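Note that the chains take the letters A, B and C in the order they are written out, and that residue 1 is the start of every chain.
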Amino acid sequence: MTIRTDALPTQEMTINMGPQHPSTHGVLRVILTTDGEVVTRAVPDMGYLHRGLEKIGERVTYAQYMPFTDRLDYLAAMNCNCAWAWTVEKLAKIEVPARAEYLRVIVCELNRISSHLIAFGSYTADMGAFTPFLYAIRERERVNDLFEMLCGNRLTYNYARVGGVSGDAPPGFLEKTKEFLDYFEPKLDEYNNLISYNKIFVHRLANVAVIPAEEAVAYGLTGPNLRGSGVPFDLRKDEPYSVYPKFDFKVCVGTGERGTLGDCFDRYMVRINEMRESVKIVRQAVAQIPDGPVRAKVPRLFKPPVGEAYFRSECPRGETGIYLISDGTVNPLRLKIRTGSFVTMNIFEKVTRGLMIADVVAVIGSFDIILPEIDR
Amino acid sequence: MEALAISLVNAVPLLAGVPLWTVTLLLMVAVAAVILVFALTFEGVGSLVLRKVAGDIQARIGPNRVGPNGMLQFLADGVKLVLKEDIIPANADRLLFKLAPYFVFVGSFAAFVVVPFGVGLIAADLNIGIYYVMAVTSLVVIGVLLAGWASNNKWALLGGMRAAAQIVSYEIPVGMALIPAVLIAGSLSLQDIVRSQGGLLGIFGWNLFHNPFTFFSFFLYFTAAQAETNQTPFDLPEAESELVSGYNVEYSGIRFGLFFLAEFGDMFIVAALATACFLGGWNVPFFHVGTLPWIWGNLLSLGVFLTKAFAMVLIMMWVRWTLPRLRVDQLMRMSWKYLVPLTFVNLLGVSLWLLVFRGKGIPGMIASLFG
Amino acid sequence: MGLKAYLNDIVEAVVTTAKGMRITARYGVDPKEEVTLQYPEERWEIPKGYRGFLHNDIKTCTACNMCVKVCPIDCISLESVRGADKKMVLCSYDINIGRCMYCGLCVEVCPVNSLLHTSGYEMASVALGELILHFIAAEDAPEIKARVARQVAEAAVKAAAQAAAKAAEVPSSGTAEAAKVAEAAKAEAAKAPVVEPKAAMEEAPQAPVSEPTVAKEGEKKE
């Protein structure tokens, strides 16, 4: 909503929000020009976390780059791992065993849940309710336990490999996964009762930073931010990869149930609903998973043929596209990564104009940006 | 105070030679010290309880390392705050920066003077009790505003401005919501208000159950008062996730400690006022404390009062750990569009009720029905 | 806003708040819901395959250099020399654990499973140097090198002696071919130690060829 400022002109003030600020989700710096509490301009200043991930990719081998994809989006490392593996496999036309693909889908969806949990939790914390954040962390811990069991690490998993995954699921993993799903599903209703439909929360989110569908498409938004505007575009459905076509799930879109279509509340709600869909996918995958090897034979000194490949997959923060050119040596010639968060920042300045300072926080939270993805 | 001094002089022959004003002054200092000790203890324990409650609600444990079960955590915190370096930003307005915490602390502490702890336990039974509390707690806003301004920090300034706007707007509904109790008692003195809720009706003698309007009054007061104490959902001046820490962002050491203490002091004052005005204060249900010997009567009533007040504080903490925060404009809208009109309607309702039923409440009428 | 909407707003606010407070209250009073693990007194069960600190069992390590090559951030360094039996002998193996990101690529690639993850995850130090794990103490390196060089030299001497003995045998038999064989044997004995350091250098460029070895081999050459 906009507030009239012409009636009582005051001097504008420039405030630096970040790079050390509790609600910018990392080292994002937003240069706010405010008129009292009303933001007249908010310019994001990025690059504080730049590590040259794309350049590193040209120096290391295809297999060695895998741990770096963990750092691309550390809250959804599994998705980034798999995105890299899928790209290289597309480039080198490697056939991946079915079990490996199922395991990848399971971990990707579990990671989507844990990533959306952080999005949900930190969003509520931004809005001043600290309790749901800790509930979300508690559930996420369980996902981390599962991953730890599977690959030995809790945050930077480095699980996928070119041609499969690093190891088969240990005995008991699939049962534990099912147990987690049973535990987790009712929690979503609890979150909804606790905070999602809370009057104050709804008021903070509804009608704030509305992005109409055409605008969302024009600015290249992807993932939940695009679906929040009511565009039912999901790569898992529209450009199916891996074994996704075998599963029955729904693409969640914003409905404008509490305000206008495409506002912060819609984006928030899309994430909550997506967690439910992910639970559904994991359930099906666990039920269908075939036996067999989990890793195709890939030569140790892996050299893909000369050529290029672009592969995009649906990560929790939007579409992650990896463009890869190979010159036939062990290192990629060029690597370019397109991430959801970075593209989302384009529209930031536009939607924050005329909002309050507290709304800027709400907008950042509703975009669910993550800085390593923006700066790479 | 003077009356007490006279009785003391009469009781203790040794004091006969001392001028009366000296005795009065000494007594004042002694009482102030007692209240200060109580306030500090409450604030310390309050911070511990707040964190424990937060822990429980958030499925974790909370502080449990210092002392048995973490009981001494507040002492450790206090020692830490006192020993920390007191940093004043280079470009701050030094005098105002130093002064601000005292305003805030004095504002909240001075209100303790009129809190009716027991049947005879009140530092000063002012005949303008409620009025005094409202006036004195307004001092807090000056302190907060000064802190925000003097820090020379934009976030702090925003926090200070928010605090000023918030406290000024919410003072009205707070006052209006308390007036029904004043109307029923016919006095502004808190002791009188508490006494008016005594009698043999038990908990139904409380103003809370006096009539439907007072019932709503209580909730209106409670909501508005939360805003006055800067508790979530109204913690905008501090707004950790927006303004980093709001008006006290530049403060450290004991100056920060004073803000911190004042926050808990305010919390207690709100709880105490709610208890005194709506929940029967120190009245023990179905029992007249005045009939007991002085010492037992006071102890009993003190216990009852503190129990009720602490229960209110707990509820405030519970709310604090459940709700998200409002936005500035919503906060203002809530005050001016919802709380202020509602309290006025309520006040009108109570006045009409008292006029029509000649000051009798529903429980009173039912009681008289059955003889 | 009509009166109905106005009242609805209030009712909704109260109802949703009450709902939320019911949930927090349930957690507040239920002691079973506490999930905190009181580290360090309590610890979680570390699953098999946990990727903790690295440990190299130097007894089985074949100094094949695979782990060094695969590590994306170059935190392993090893130094080895060719032993008497043509196998590489490790003389130092360091992992900079402060830099390691526990990606596990090195463990995966180790052909003899000598490099493994342990379940360790706690380490504190006041100096960065302490974060470098030396699986062979730095003092031991020259000693190992000297020992290996001695062994190599001994083996070479032995081989030379054998060849010489053979050669000595041959003239008595009096054929020209035998003399040729002896010549070849001698040359081989002399050549073998000279070539090796070069090979070692190629495999591990960061491992400088140790002085004593070179000196001895130089002698040998002459």
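Everything below uses one rule, namely that a contact is a pair of C-beta atoms (placed from the backbone, for glycine too) under 8 Å apart; a residue touches a chain by one contact, two chains touch by 3 or more.
Since the model is a prediction, treat every value here as computed from it, not as a measurement.
Chemist: Chain contact graph: line, ring, star, complete or other?
Modeler: complete
Chemist: Which chain has its C-alpha centre farthest away from the C-alpha centre of subunit B?
Modeler: So the chain farthest away from subunit B turns out to be C.
Chemist: Can you give the whole-Å distance between the Cα centres of subunit B and subunit C?
Modeler: 65
Chemist: Could you please state the distance in Å, as a whole number, between where the Cα atoms of subunit A are centred and where those of subunit B are centred?
Modeler: Taking the average C-alpha coordinate of subunit A and of subunit B, the gap between them is 46 Å.
Chemist: Quick check: how many Å separate the C-alpha centres of subunit A and subunit C?
Modeler: For subunit A versus subunit C, the centre distance works out to 35 Å.
Chemist: Check each residue of subunit A and list the ones that touch at least two other chains.
Modeler: Those would be 131, 138, 194-195, 198, 200.
Chemist: Subunit C: which residues touch two or more other chains?
Modeler: 9, 17, 20, 23-24, 35, in rising order.
Chemist: Can you pull out the residues of subunit B that are in contact with at least two other chains?
Modeler: In subunit B, 57-60, 321-323 touch at least two other chains.
Chemist: Taking the touch rule as given, give the residues of subunit A at its contact with subunit B in the complex, in rising order.
Modeler: Going by the criterion above, the answer is residues 3, 13, 15, 21-23, 36-37, 124-131, 134-135, 138, 194-195, 198, 200-201, 203-204, 356-359, 361.
Chemist: Give the list of subunit B residues in touch with subunit A in this complex.
Modeler: That would be residues 54, 57-60, 154-155, 158, 161-162, 232-233, 235-236, 239-244, 321-330 of subunit B.
Chemist: Please name which positions on subunit C make contact with subunit A in the complex.
Modeler: 9, 12-13, 16-17, 19-20, 23-24, 35, 44, 47-51, 70-72, 101-105, 108-109, 117
Chemist: Provide the residue numbers of subunit B that touch subunit C in the complex, in ascending order.
Modeler: That would be residues 53, 55-61, 318-319, 321-323, 338 of subunit B.
Chemist: In the complex of these two chains, what residues of subunit C are touching subunit B?
Modeler: My answer: residues 9-10, 17, 20-21, 23-25, 27-29, 33-36, 38.
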